[in-house]
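Please find the structures below.
Both complexes below contain chain A, partnered by chain B and then by chain C.
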Partner chain A sequence: MKCRVCRAAAVVEVRRHNAGFCRDCFLAHCRNQVERTIKEHSMIEPGERALVAVSGGKDSLALWDLLLQLGYLADGLYIGLGIEGYSDESAVFARRFAEERAARLVQVDLPDDFGFDVRSAAAADHRVPCSACGLSKRHIFDQATLEGGYDVLATGHNLDDEAAVLLGNVLHWDLAYMARQHPVLPSGDGFPRKVKPLVRLGERETAAYCVLQGIDYQVEECPMSAGNRHLGYKDALNAIEERSPGTKAAFYGGFVDKAAQLLADIGEEGREGLHACPRCGSPTTAAQLCAFCRLVERATGQRRRRLPVSTQ
Partner chain B sequence: MRNPKREVEVRGPVGALALVRQLGYNREAVLVIVNGTLVTGDVTIAEGSEVEIRPVVSGGAT
Partner chain C sequence: MKCRVCRAAAVVEVRRHNAGFCRDCFLAHCRNQVERTIKEHSMIEPGERALVAVSGGKDSLALWDLLLQLGYLADGLYIGLGIEGYSDESAVFARRFAEERAARLVQVDLPDDFGFDVRSAAAADHRVPCSACGLSKRHIFDQATLEGGYDVLATGHNLDDEAAVLLGNVLHWDLAYMARQHPVLPSGDGFPRKVKPLVRLGERETAAYCVLQGIDYQVEECPMSAGNRHLGYKDALNAIEERSPGTKAAFYGGFVDKAAQLLADIGEEGREGLHACPRCGSPTTAAQLCAFCRLVERATGQRRRRLPVSTQ
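Let's turn to the complex of A and B:
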């Protein structure tokens, strides 16, 4: 197979583009796709400071590398989730990446800074671990972005992630969630701007990007994610994609272009009744404490502690 | 675990895409790395090569 751009030997194919790329042209393809996404959705303005949520996995490290390569100001945020046999190793990948590039990595540790881990919190709050994990991460992402004075939070969600989430939302006709599934969530109501610059790239592409850029990442999956519904949706979509390349991009891309606007009113309704949590100040629709503060209280029997994020 | 590590021996030469299918994987869900280098599906893998079929699907934290 020859590179579509320069006719050298290809090392990776991207079937939905009906293309093979050599190493250099593939890396350029990834940069171009991300820059195009950022510009099209006004994700990050020149001079703005971005905080990148990094886990040590392929998507978040590829994202951080791409943002730095494209010249954006981007610090990383790593959250230690206290998952045995997994979290410690993921931290090593995140730290090594940051050290190699002299990039700033903000580190928060659930056990050390808040006194709980995902598994114990889930049990105490009557949730499955994925729920406690997502709730904690989203809360800390928002708080760290605001308290650190960053203009925007960037996450490594790729095309496959978004297509799988969209499929799940459509299967259950969860219009409220669909209304909030957009590559950019604007700031306001106490939330920072949140962006997903990788949504034009599939998982094979972010993995290939890391391999070809020599970025070491954690290949192992979270031990608590095995058999979950999200992976089932991905399997289903990949079965379709194998036979009809381009389906995931048409599904998700078409939704963003044609359908998301129709749900804008439902998205507005979801933000009614927001007020500041009396304990931590973050926005919530809950009657009193926000869901995260309730989780911390149940998991530790204590008030939450402050995030170790300094303002610049 | 969703992606347990396992080692198999396969007789070469074999096409990269054919190997992926032979081992029961979906080509959309894996990368093929031969002797440390990423390869496309149309490449023929020689006998004696070390091949990594690397899953790319993340189900938890990315």
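Let's turn to the complex of A and C:
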């Protein structure tokens, strides 16, 4: 197979584009896809400061690298989740990436800074680990973005992630979740703008990007995600994609282009009734403390402190 | 496992209801599900005459039997599709069912009455066989219902069928198709009312109904449907259902209850610009002949006759 662009030998095949790429043209293809996504959805304007949520895995490191390559002002945010045999290693990849590029990495650690980890929080709050983890990360993302004075938070959700989440939401017609599943969530009501610039790249492509760009990333999946329902949705979509390449992109892209507008009113309703959490100030619909402050209280038996931040 | 209703030994398990049933209670369960569906959606009023589209397979014969058991006035409509090694056998099952119950079976035969079969029509019209077949059946369903003076056409689409079609429509966000995917399509603009009373029963349940009720049906699948994209969607949903029983019912039921109303305007648009086909009188949006009359013309090189009907 030859590179679609320059006819040199291809090293990567992207079946849904029915195309192969050589190394340099593939890296350029990824940059183009991300730049196009950012421009189309007005995700980041020139001169704005972005904070990239960095896990140490392929998606988030590819995103950070791509934003830097494209000339955006992008710092990283790493959250240590205290997951044994996983979090220590993921931190190494995030820190090494930042050091090699002399980039700024904001670091928050659940055990050191809040006194709990994902496993203990899940047990204390009677949640599955992925739920306690997601809640903690979303809260820290928002607060670190606002307190650091960033204009926008960028996450490394790729096409496979978004298509699987969308499938789960559609299978249960969770209209409120669907209304919020857009590549850009605008700022407002105490929330920072949040963007997903990788929604045009599949997970095979972000992995290939890292390999070809020489980015070392954590290959191991989180040990606590085994059996996660979204993995089942990914499997189902992969089986369909295998028969009909391009289905995932049509599914997610068609939702954003054609269906999301039907849900606009529902999305607005979701932000009604917000007030500031009396402890941390974050917007919440809960009667008293926000869900994160309640999680901290249950997991530690203590009142939480303000967001502690250390910078590399 | 014991019968959920009477505690006798269960012979059928329905995982999404987390229940087993003995023979009699399972048959009653099926009748209840169908009666509830008919009432909830005002599908058939007492005294109305229904025409049941009968293929000879488990779903359509179960439907016809259930409607008769529930006291509805229901005749059958069998369409011979001229598919070698399949259609002859399917006719035997449909006729035997009708004979045993002294029920009326309207019969239409594509080769005898229109001079073509599914294979030749597909080739002549450059369609896949399932497309030529579906087009022909929909046309004959409508016309036989109207010309026979029936109030409503009933088809045996089950939960698995509808969930798979919905998944295909959702994966491509075919909003116009989604807007028409309701268990009832009201009459109007030259179309008869169409109803799907089996949408609360899965295909394992319609098969079990036939077995336990002593209905002989054609087990063989249509040989022309191999590779049909919907079979891929069924496989994907079955894999998800296996992990999370009830997902299919939640997916289809949630669509009908929560999402369909968002598409109401789009459904209306689909019926704009209809006029009567100058040859057969059927409603069509095509500039001249309706799609079925064009199919007949291409497949036979001849003008079609009015719908011929023979009754058993």
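Simple rule for what comes next: the second predicted complex is superposed on the first by the 308 of 312 C-alpha atoms of A that agree within 3 Å, B and C clash if a C-alpha of one lies under 4 Å from a C-alpha of the other, contacts with A are read in each partner's own complex, and residues count from 1 in each chain.
Keep this in mind: a residue touches a chain if its C-beta (ideal position, glycine included) is under 8 Å from a C-beta of that chain, and two chains touch if they have at least 3 such contacts.
Note that the coordinates shown come from a computational prediction; the quantities given were computed from them, not determined experimentally.
Looking at the shared chain after the overlay, A:130 reaches chain B, while chain C stays out of its contact range. Touch criterion met: A:13 reaches chain B, while chain C stays clear of it.
More residues of chain A lie in touch with B than with the remaining chain of the pair chain B and chain C.
When the shared chain is aligned, chain B comes close enough to touch A:1, but chain C does not. Within the superposed three-chain model, A:117 lies out of touch with both chain B and chain C [touch as defined at top].
In the superposition on chain A, contact is made by A:258 with chain C only, not with chain B. Of the two partner chains, chain B and chain C are each touched by A:239. With both structures placed on the common chain, the touch criterion links A:142 to neither chain B nor chain C.
Once the two complexes are overlaid on the shared chain, A:226 sits against chain B while remaining clear of chain C. The residues of chain A shared by its contacts with chain B and with chain C are 235, 239.
By the touch criterion given at the top, residues 1-3, 26-31, 33, 37-42, 54-62 of chain B touch chain A in their complex. By the touch criterion stated above, chain A contacts chain B in their complex at residues 1, 10-13, 15, 20, 55, 57-60, 81, 90, 130, 133, 137, 155-158, 160-161, 202-204, 206-208, 211-212, 219-228, 230-231, 234-235, 238-239, 241-242. Considering their complex, residues 170-173, 175, 229, 232-233, 235-237, 239-240, 243-244, 247, 250-251, 254-255, 257-259, 262-263 of chain C touch chain A.
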